[in-house]
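Before we start, here is the structure in question, set down as structure tokens.
The chains carry the letters A, B, C and D, assigned in the order they are written, with residues numbered from 1 in each.
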Amino acid sequence: MAPPSKIYPDFAAALADIPDGSIIAFGGFAGPGTPYNLTRALLAQGTKRLTCIANTTGGAHQPRMPDIGMLVENGQVAKVICSFTAATRPTDVLPFTKYYESGEVEAELVPQGTLAERLRAAGAGVPAFYTPTAVGTELAAGRETRVIHGREYLLEYALPCDVAFVRAWRADTAGNLQFRLAQRNFCPLMAMAAKLTIVEVEEPILPAGAFDPDQVHVPGIFVQRLIQVPPAPEGLWTMRRQERAR
Amino acid sequence: MSELGWTRQQMADRLAQEFEEGWIVNLGVGIPTLCSNTDIGGKQITYHAENGVIGYGPVLPAGEEDLHLVNAGGQNVSLLPGAAIVHHADSFGIIRGGHIDVTVMGAYEVAASGDFANWKVGGAKGGGIGGAMDLAACAKRVYIILEHTTRKGEPRLVPHCALPVTARGVVTLVATNLGLFAPSGDAFEVHELAPGISFEHAAKLTGAPLKHG
Amino acid sequence: MSELGWTRQQMADRLAQEFEEGWIVNLGVGIPTLCSNTDIGGKQITYHAENGVIGYGPVLPAGEEDLHLVNAGGQNVSLLPGAAIVHHADSFGIIRGGHIDVTVMGAYEVAASGDFANWKVGGAKGGGIGGAMDLAACAKRVYIILEHTTRKGEPRLVPHCALPVTARGVVTLVATNLGLFAPSGDAFEVHELAPGISFEHAAKLTGAPLKHG
Amino acid sequence: MAPPSKIYPDFAAALADIPDGSIIAFGGFAGPGTPYNLTRALLAQGTKRLTCIANTTGGAHQPRMPDIGMLVENGQVAKVICSFTAATRPTDVLPFTKYYESGEVEAELVPQGTLAERLRAAGAGVPAFYTPTAVGTELAAGRETRVIHGREYLLEYALPCDVAFVRAWRADTAGNLQFRLAQRNFCPLMAMAAKLTIVEVEEPILPAGAFDPDQVHVPGIFVQRLIQVPPAPEGLWTMRRQERAR
């Protein structure tokens, strides 16, 4: 009896059973590792009341690619957990920001390292931890802190998710993943934190055994579904950024 | 000489001279990224970006970029020999664990107390924190590069931050177009003035008391 | 047939039949390691070891070992296609994060409540925990393999553990030389008896009440 | 001006400045990754009042290799932090155990996953975290616990160390490390947790740039000193275990 294959024929099939109200983490940082094709399929599917976890909601640059901001614009998002609810330059405006300012969508603003560590904690079975980050700031107001060896720390909780969307460079049929350079970013953490990890893969999927076991970035036990990104224009690929959106 | 002082690249160049042999340096978005273009002689500096890129070099010209490789500002950078990639939790483990010798960031305001603000503008509901709070709280040193005043001419070096702070009491060195300054509790000490900038001129454009260093 | 029941390998073989397609299985030192020698048909099982080896196979014969590759018991095992290596924190992240479908461990005692003890003997100051407490607290299922009695003939399936416990209320299945048993609160339920073993014989050698399953 | 080299000529030189009273973490798990040569040099140096952190104190198998048990026998150790203060089989006796039972050396017994996570926390600037491991056991008696989402967890603190001794397969002059297979175990965590990481390296040390940056297990920023293991018999190599020590 052969085990069920992890390879899905297309993006729509890979996320057809994601219900309304799901918590979805989106990999990627400034381009590399961002699951553009999965996000586009989720836009088409129209799944509602999502909680989206990512570093940013996107949309600050041209060409604009499928992003969480578009899911918000499409009325699919209840809440976003991210490290930017506004752009770093006050003169830029993220598409997301106006929905947040108007109260149409909730947001939880989390320092980037705390976001990464909360995801890692969720995957690693650590329910809560202390961090020095954000102590003494508005983000710590009214929250539990603790002095350890003379320094004040903030209590932070794990951030588990239902689904992770990530983009990898290569995968094998066992679900083992390799990322190339800055692609890695949040992707391994999200794969570990999620019950269901769906991966868009750039290169043709290799047979199990093709990877050196020492050079696997995410073990296949954390990966449930794989889809190879088709060639452009059908598949979406990372593009060079040209300018900032205004 | 003009009373504008240093250009953006000159501010970055001057601050980069403070980096010491073997330091691990994190450069924030904006003017700080210009530091990696600076020639600092034979010193070996390892540039670290929040996305887990350790050991990057100058930004690559159009056509030579690797689209899988960006720094924290999304610029397509090069890698130097000895580079290594880690994931985001390990990258912030490096930051939070105190392994960054200096982080150089932009800011809206720096206070004489060493507080600074760079994530939220007045009246906004949202903000852009990114890795700034982790870096500010955990790097061994926090250096700030910013224009000495706002476009309206209001001082950015102030007695107390009016905007929500990123971290408290952490800034030890500030480069502006007017020179190099160090927060010293209730004042800023002048370490160096840009060519053509007088102490009196700098003092006039500084919100907190200015002292000779 | 003897009243000794199953051999050590038979105990492991029987328990391994309970593994389901796609499970991730951690095998403890001693009898549990024999499970990876068991033919369980076409089911695909991923064996995980505490030292971060994911997807190992049978122990290799002398002369064919790779000295860089051991399982948690220090045996030189083989790797199956699709294997991956992680470090110890990630390996226990897999355990603590609830990603192990079953951990199979040896024990000194198992209680009807599902408590078990396997890290410290009576009167000792020290103990050997290894990964047992993490596995016991966090795996989705905890199965135990042990001889039904001590060498002196005293029962190891007991109403309450006398020794310090490894975890409380976690054991759901126990394989001994006499059969397969499930802790059910105040008694052990018989799931299966080894050939030649009567219910009465098993009950006599069990410290807690025995029930027909 | 060339940066100072990380390559040391021999083991004695690499650890000559380690003072009495240091906290030293020793990599390795059941053989692979164990820094036998560094441990032998530390025995020769005679550094005193050490706190030794490792999975085990060694000595359960033949041939016996330099281990923490020998440092204890040599009167160099004040305290051990490990996951075994006795062997798993009560019929085995670790050389260390009698020193511990007699009170000549202190020990802190830590579940293996908690040990790994405490080391990782130290390197990653997390001063404390919660874990389900050991709740309800003797190890949790009298200690602080906390109920999170209905489950009880134990508070655990980071475990920083002064020095890490690890063994790697390959290294480059920048200090980047690669491990082979089960060598990896605790080694990356200890390298991150220590102020000073000293590595015995099996293969000839490569020039910086020799590694694919995607395939580095420990970035060189965590590694200060490298020594290549000389061929046997001068250098100590992992050997096949023959039998248990009694």
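By our rule, a contact is a pair of C-beta atoms (placed from the backbone, for glycine too) under 8 Å apart; a residue touches a chain by one contact, two chains touch by 3 or more.
Just so it is clear, the model here is predicted, and its values are computed rather than measured.
The minimum number of touch steps linking subunit B to subunit C comes to 2.
Counted as hops between touching chains, the shortest connection from subunit A to subunit C is 1. Each chain's centre was taken as the mean of its CA atoms, and the one lying most distant from subunit B is C. Averaged C-alpha coordinates give centres for subunit A and subunit B that are 28 Å from one another. With centres taken as mean Cα positions, subunit D sits 34 Å from subunit A. Shared interface positions of subunit B, i.e. residues touching 2 or more other chains, are given as 79, 85-86, 89, 92, 95-96, 138.
Residues of subunit A found to touch two or more other chains are 117, 120, 124-126, 131-132, 179-181, 184, 213-214, 217.
All chain pairs in contact, by the document's touch criterion: A-B, A-C, A-D, B-D, C-D. Across the complex, subunit B is touched by residues 1-4, 120, 122-126, 172-174, 176, 192, 207-209, 211, 213-214, 216, 219-222 of subunit D. The part of subunit A that touches subunit B in the complex is made up of residues 29-32, 55, 61, 83-90, 97, 100-101, 107, 109-114, 116-117, 119-120, 131-139, 169, 179-189, 217, 238-241. Per the touch definition, subunit B reaches subunit D in the complex via residues 21-22, 24, 41-44, 46, 48, 54-55, 79, 81-86, 89-90, 92-99, 138.
Residues of subunit C that touch subunit D in their complex: 29-30, 49-53, 62, 65-70, 72-74, 76, 79, 85-89, 91-92, 95-96, 120-121, 124-134, 137-138, 164-168. Interface residues of subunit A, counted against subunit D in their complex, comprise 117, 121, 124-132, 146, 148-149, 151, 153, 157, 178-181, 184, 213-215, 217.
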